[in-house]
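You will see chain A twice below: alongside chain B first, and alongside chain C after that.
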Partner chain A sequence: MSATATRPDESSANTLLKRFTAIPLKWRFVGFITLLAIAPFFTNNNYILRILGNVCMFSTLAVALNVVVGYAGLLDLGFVAFFGLGAYLYGLLSSPQLSALINACLGDRASAEFLFIVPGWFSLIVVALVSVGFGLSLGSPSLRLSGDYLAIVTLGFGLIFVQLSNTLDRVEFPGCQQPLNLTGGANGLLNIEPLRFFGFELQTVTHYFYALLIWMGIVLIAVHRLNQSRLGRAWRSMGEDALAAEIMGMPTRRLKLLAFATGSAISGVTGGIFAAWQGSAFPQNFSVDVLINMYAMMVLGGIGNLAGSVLGASVLSIIPELLRSPELIRMIFYVGLGAGLMLVKPRRNGLAVLIGVIVFGLIVKWIVGAAAPDLLSGPTLKVAAESISTAFERFSQQFGIFVQGWILLLKDSTLIGNLAFVVLVPALIALSRLKASRLKLIVTVPVLYLLAFVWESRLTAEPAVTRLLLVGSLLVVMMIFRPHGLLGQRKVEIA
Partner chain B sequence: MALLEFTNVSKHFGGLQVIKDFSFEVQPGEIVSIIGPNGAGKTTVFNLITGIYAPDEGDIRLESKSIVGFEPHQICKLGIARTFQLLRLFLNMSVVENVMSAVYSRSHSNLAQIIFQTSGFKQEEDHIRRTAEAQLRFFGDALTSVFEQPVYSLPYADRRKVEIARAMATGPKILLLDEPAAGMNPNETLEITQLIGELRSRGGYTILLIEHDMQVVGGISDRVIALDYGEKIAEGRYQEVATNERVIEAYLGRKHNTT
Partner chain C sequence: MQDFLAQLPQQIINGLTLGSVYALIALGYSMVYGILQLLNFAHGDVYMVGAYIGFGVLTALLPLIDTGLWPAMVILLMILAAMIGCGLLGVGIEWFAYRPLRNSPRIVPLISALGTSILIQNAVQLTLTAQFRVYKTEKLIALDSGLRLGDLAYISTTRALVILAAIVLMIALTYLVQRTKMGRAMRAVAIDREAAATMGVDVDRIIVFTFFIGSALAGGAGVLTGLVFPRIFHTMGFNAGLKGFTAAVVGGIGNIPGAMLGGMLLGVVEAFTTGFVSPTFKEAITFFVLIVFLLVRPRGLLGSTALQKV
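For the complex of A and B:
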C-alpha cells in the first residue's frame, strides 16, 4: 500500500472541503441548481448569463465525459466529435440547409423547390439516436483496445471529424446534379433554427440558460443514479480492472459500448442545444482545444466525481472570463505573488523579499532614469476621476499606480520585454533548484523583479496569451497540491 | 456425475507446451488441490477453465456441458468463480461495492429502470446489497466495520477474504482459489486453511485449489493432483502424492548418488 494513501491532510482547505462533502449530495445538488436558477433575477447582463449557460453546458459535457473516462476507464480523445456531431446534425436538420441540399440534388428534375425545416425538438431526438449509433460504431472497433491505444484511435476519430466538417462543403454524390454542401465548410452552418417546445420558442440567452440548466439537471440525476446501480458498479469495476470484471461476470464488451453510447448521447444532445443557442456551428467549436478544455474540467474537479466535474467546469468556464479585465488580472497576479511570498517560512523572509523587490525596483528605476532618461515612458495610468465608478475600480487604479511607481516602464518594451522573458524562464527554473539559503533569498529579489517587469511590459500587452498562461499555471499549481482533483478521491494504482 | 471435467486438454504458447494432455475431474462437494513447482502450468489451468484462454485440444465441461468457447463472463454466469494469485480487487471501490459488483450477472435492471428508479430496481438493489453483505459476514464480524471503506485501506489478509467473498457473490457452483495463502504469515495461513474448510462445510461450495503451501494442501484436500511441465505426474490422497518420487523430484530435484 502506498504511504501517501492514508496520510491525513490537515490544511484548512481540506477541512473546508470535508465540511462541504459532509452535506448530503442531494442538498448540494439542489442548492447548486437553485443558485443558478435564480441568477437571471439578479442580472439581465447577457454576458454573465452567457457564461452561466456555458457553465451548465460544460458541466453536462464533463459529466458525460466522466461516464466514459472516469467510470468506464476508456480514455476517449474523440469525445468532442460527438458534441460536434450533435451540433452539426441539429444544424443540418433544423435550418434551410436540408431543403437546400435536396433542391441541389434534384436540380431541375424537381417539380417544385423544397422549403422546410425540421422542428428543433424532433431534431434533438434524431441527434440523440444518431449519436448513440455513432457511439456504438466508433466504440466497436475500439473494443480490442485499451489505455493509450484507445486514446490514439479515438483521437484519430476526433481529428477526422474536424477535418470532415471543414471539407464536406462540396461533396459529389451519385445521382445529384450539383455538389452538395453538407457542413458549410470553414464558413460553418448558419441560420440554425432556435429550439421550440410546445409552441414556446427559445430566443434569449436566458431561455437557453434555463434549457441548459434543466438539461444539466436531468443528466446529473440520471448519471448519478446510473453510478449507484449495477451498471455504475460494473463500469467502475471495469475501469479498475477490466479482466477481473469480465471474470466476475460483467460483460465488458457490452458495458464499454453502453458507456460510449451514454456519453455520446448526452454530448450529442448538448451539441444540438448549443447549435440552436448559437444559431450556427463552426469546425473550430469542436477542435482539440475544446476537448482538452473538457478534460481539464474533469481532471481539475476529480476524475470519477460528478460534483467535481461540475465544479471543474464552473471554475474553468468562469476564471478565463474573469481574466479578461486587465485591472483584475493585474490584481490577481500581484496578490498571488504576495500570497505566495507570505507562505514562505519563516514569514519574515517572505516579507524581506517583498520589500527587497520594491526597493530593488526603485533603485533600478532611479539608475535608468539617471543614465538614459529618454528610454523611460511616463506612467500609463493616471487618476482619472471621471471614469471611476465603483470602489473596486478606484482601488485597482490606485494599485496599478502603486505598482508602476517601482516598475520600469520603457517607451518601447517589446524587444527588451521578450529578451527578459527568455532570461526569466531559466532563472525561475534555476531558482527552484536552489536550496533554501540566504543566497536563495538574495537571488529571489531580482528574479521576482524580472517577473514583474516581464508582466508589466509584455504580458499585460497580450491579454489573450496571459489569460491562457494564468489558467495553465493555475492548473499546474492545483495539480501539484491536489493531484486527485478538487473533489476527487485519492486513487491507488498499485497497492 | 462430475461437476467439472477437464479432459485431455493441451495448450501451448508459441513453441512452449504449457499443458500437455491433462485430465482431471472434480466431484460435487470435493476439495481438490493442484500442486506443482513454479511454471508447472497451474494458473494456466484456471485461465483455461475461466475462458481467458481457449484450449488447443480437449474439452472442459461443467455438469457435462462443454464450456469451451464461452466468454469469461458467460462462464462465470454458468457457475465458475475464481480468485487471483495476485489479488485483483477493485482497489478504489468500497469493500461492499466490490462484492456487490459481482452480483451483476444475477441481476437484471436495465437503463430505464435505473434512471426512473422503479420499485423493481429498488428491490433488486436491496437484494444485491443484502447478498453482498451476507457473503462478507461469512468471514465473521471482522469485515463488517469496513464495509464502506475503500479496499486499498485493508490489510492483505482481509483483502483475500474480500476477494473470496466477491467470488462467492457470483453464485458459483465451484470456487477456484489460486494460491489463497500466498504472501501470508503462518497464523494467517492457518486461518485461511480453516476458512477453506468452512467454505465447504458451511458454505457448501465445491473447491478447486491451487496451492504452493503443503500445510494448506495437506490439511483440507480430498484429492491432490501434482503437475509438472504441464503434465500430471501424480494424483491421489495427499499422503500418496506427497511421498511420490516424481513429485519429490519435481519439487526438490533428482537425488544425487553420493558414493
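For the complex of A and C:
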C-alpha cells in the first residue's frame, strides 16, 4: 500500500497560478512584452511573425471587449462591427478609393481628376473619433434596453454592418453622376496605404508586429489604469449590479456610454492598423465568427481579467495554427489525451486505461484482420528518411507510426468514420455523466478507442472542421468546469 | 402605387409563409426563455438538424412513392420524424450544456450555447459535408397545383400547406399550455421557479419537457422550410435562428402568443422589403426595423413591463 498521500492534482495547477500571480504585475507585464519583442530576433519567418502579430491584435481586441462586457456588464454582440468600421474607414481614407469616389460623383463636371490619399496617421485619428461617435450612438439604446434586448440590438447592428459592407458597392447617390462604390462589396477594399509615422513607413510584417505590440502595450496600461481608477470601480460595480449602482448614486447612463466609447475607440483603431497591415479589408474579416472568436478568447482567460484576455487571445490565435500540421496536431491530441489520463486521481487507474486502450485496439485490429482482411488499409505513414530534417519531425513521424500500429485503418474510412462519430458523441456525453466506479473505467476504454479511431479516420481529414469542433467543445467544457476562466475570479451568485 | 396594390396580396402570402416558419422557431426561443431566462443560441441549429432529418426521410421514402405510398403520408412522416428527432436533440442539449450551469451568472450559459451551436454545425458538416442538399418537393406536390385568387395572388399548395401546418402546430401548443396539467406546470415554473418547486412541481422534468416541445417545433419548422425553399445547408440555422429570436423579441420574449405574432410580423416585413424595396438590403432593413421597434417598445408587442424586484 502506498501510504504517501499525494495532494490532489487540481491544487498543483492552483499553486502554479498562485506563484504566477505572486509576481508583481509590473514585472509580469514587462516580461511578457519583452518576450514578444525579442521574438523577431530569433526568427525571420513571416508566418510565425504574422501569428504573433495576430496575438497582439486579438489581445488588444479582447481587452477592449473586456471593458464593455467584463467591467461594465453590457452584453455587446456588435463589437466586431467597430473593428470592421475602423478597418473600412481607414481603407476608404488612405487609399485611392476616396478620390475615385469624388471623381465618380462629379463625373465630367470636375475641372480636373482628384488624386489624393489621406496620410495613415491622420486616418487613424479620424477612425478613433468616428468610432467613439458610433460607440455613443450604439450605446444610447443601451440606456433603455437591458440584458438580452441589448444583445439582440447590438447583434443586429453587427449584422447590418457586414451586410452593408457586402452590398454598398453600387450606391445611387443624389447629385452624383455614377453609382458610387463605397466598400468594394464582396471584393473588398484593396490598395490600402501602409501606415507612416514621422517619415517612417511600416512595410514588413515585423514592422506591423512591433506597431501592434506597442499599441497593445499602450492599451493594456491604459485599461489597467482605468480599471484602478474611480471610473473603473464604478464600471465594475455597475457590471455586478446595475440597479444597486444606480441607487448608490452612480451616473449609470454616462458610465454605459463611456464604456461603449472606450471599447469602440480601441477596436476601431485596431481595425485601422489591421487594414493597413493587410493592405485590404473584406466583409468576412468582420463576421460573426470573428465575434465568437473574440468572446471565446475573453471567456477562456476569465471575464474581467486583463491578463486572462491576453492569455486567451494567445491560446486561441496559436492553437488553430498548430492544427494546420497533421503531425503536430496528432502529437498534441495524444499527448493531451495521455496527460488527461494521468490526471485521474489514483494514477494506476489512468495507466490501466491507457494500456487498456492500446490492448483493446490491438485486439480489434486482430479481429478485423482475421474476419475481413480486405477492409484494412496499410499504414499511411512510412518512414521517409531523406525528406525529413529535424529530430522533432522524425520523432513525430515515429509517434504517428506507433499510433497507427494499434488503430484500425480502413480503406474507405469516411462512412464508418462518420458512423463512429455519431456513436461517439452520445458515448462521450454519457461517459462524462457516469459516477466514478470500476464500470466507468471499463467503459472508458472502448470510448477512448472510438475517439482515437474517429480522430484518425475523420478529424485529421477535415482540419478546419476539427478546429471549430474543438473550439466549440472548449467553450462548453470550460463553462461547465471553470466558468470563471483560466485566470478569473470565481463569482458567487447570491440569490 | 398601382403596382404596389397589385403586388400587395402576393407579398402578404409570401410574408405569411416565411412568418409561420419564423413563428415556429420563435416559439422555442420564447418558451425556453420564459422558463430559464436563457438565450438558447443552439436553437437555430436544432432547426437545421430538423431540415436534414426531413431530407433523410424524404430520400428514404421517395422510391416508395412510385409504388403507391401517399405523398401526404410522406410529408406527415417527415414532420413527425423531424419533430421527435429534434425534440430528443433539444433534451440532449439541455442535459449536456445547460443543466450543469443552472444558477450561474447569465453570460455563462450564453457562451455554452454558442459553443453548442458551433459543435452541432460542425458535426453536421463533418458527417454530411458542406454541400447543399435539395428537397425534391416536386415529387410530393405537383408544382402547378395551387389556388389562384383572380389576378391578385397565387397560393401554391406547398405554401398553403406550410401556413396550415404551422397554424395546426400552434393551436396544439396553445391547447397543451393552456389546458393540460403539464402546461399548467410549465406556466407555474415560468412565473416563479422556486415557488412552483415548493408546490410540488418537478422543475427539472418541466424544463426537459419545454426543451422537447420547443425543439420539436423548430424541427417541424425545418421540414416546412425545406418544402418551400428546397435548398438546405449546414449553416442555415444561424440566420433562421436569428430571425426566430428577433421574432420572439418583437413579440415580447417569454410570451407564447407574442412569439406567433412577432414571427408573422417579421415575415411580412421581410417579404415587403424583398418585394417593394430591395432584396439586397433585406437583412439590413429587417434588423433596422427591429432596432427601431425595440427602441420604441423595449418589451416587445405583448411583453409585460417587468418590474424588477430587489
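Everything below uses one rule, namely that the second predicted complex is superposed on the first by the 463 of 495 C-alpha atoms of A that agree within 3 Å, B and C clash if a C-alpha of one lies under 4 Å from a C-alpha of the other, contacts with A are read in each partner's own complex, and residues count from 1 in each chain.
Convention: a contact is a pair of C-beta atoms (placed from the backbone, for glycine too) under 8 Å apart; a residue touches a chain by one contact, two chains touch by 3 or more.
Predicted, not measured: the structure shown is a model, and the values here were computed from it.
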With the two structures overlaid on chain A, would chain B and chain C clash, or do they fit side by side? fit
Should A:Thr252 be classified as contacting the first partner (chain B), the second (chain C), both, or neither? first
Identify the partner contact of A:Leu243: answer first if only chain B is touched, second if only chain C is, both if each is, neither if none is. both
For A:Leu226, is the partner it touches chain B (first), chain C (second), both, or none of the two (neither)? first
Broader residue contact with chain A after superposition on the shared chain, chain B or chain C: C
Classify the contacts of A:Leu410 with the two partner chains as first (chain B alone), second (chain C alone), both, or neither. neither
After superposition on the shared chain, which partner residues are touched by A:Gln489: those of chain B (first), chain C (second), both, or neither? first
First (chain B), second (chain C), both or neither touched by A:Ala234: first
Touch test for A:Ile303: chain B only (first), chain C only (second), both, or neither? second
Minimum C-alpha separation between chain B and chain C after superposing on chain A, in Å: 7
Which residues would you name on chain A as touching chain B in one complex and chain C in the other? 243-244, 491, 493, 495
Show which residues of chain C lie in contact with chain A when the two form their complex. 33, 39, 92, 95-97, 100-101, 103-112, 114-119, 121-123, 125-127, 238, 242, 245-246, 249, 253, 280-281, 283-284, 287-288, 290-291, 294-295, 298, 308, 310
What part of chain B is in contact with chain A in the complex they form? 50, 52, 71-73, 76-77, 81-82, 84, 88-93, 97-98, 100-107, 109, 111, 114-115, 117, 121, 124-125, 128, 150, 152-153, 166-167, 170
Under the stated contact criterion, what part of chain A meets chain B in this complex? 1, 5-6, 222, 225-226, 229-231, 233-234, 236-237, 240-241, 243-252, 258, 489, 491-493, 495
What residues of chain A sit close enough to touch chain C in their complex? 69, 75, 141, 144-145, 147-149, 151-153, 155-157, 159-160, 163-164, 167, 243-244, 288, 292, 295-296, 299, 303, 418, 421-422, 425-426, 429, 458-459, 462, 465-466, 468-469, 471-476, 478-480, 483, 491, 493, 495
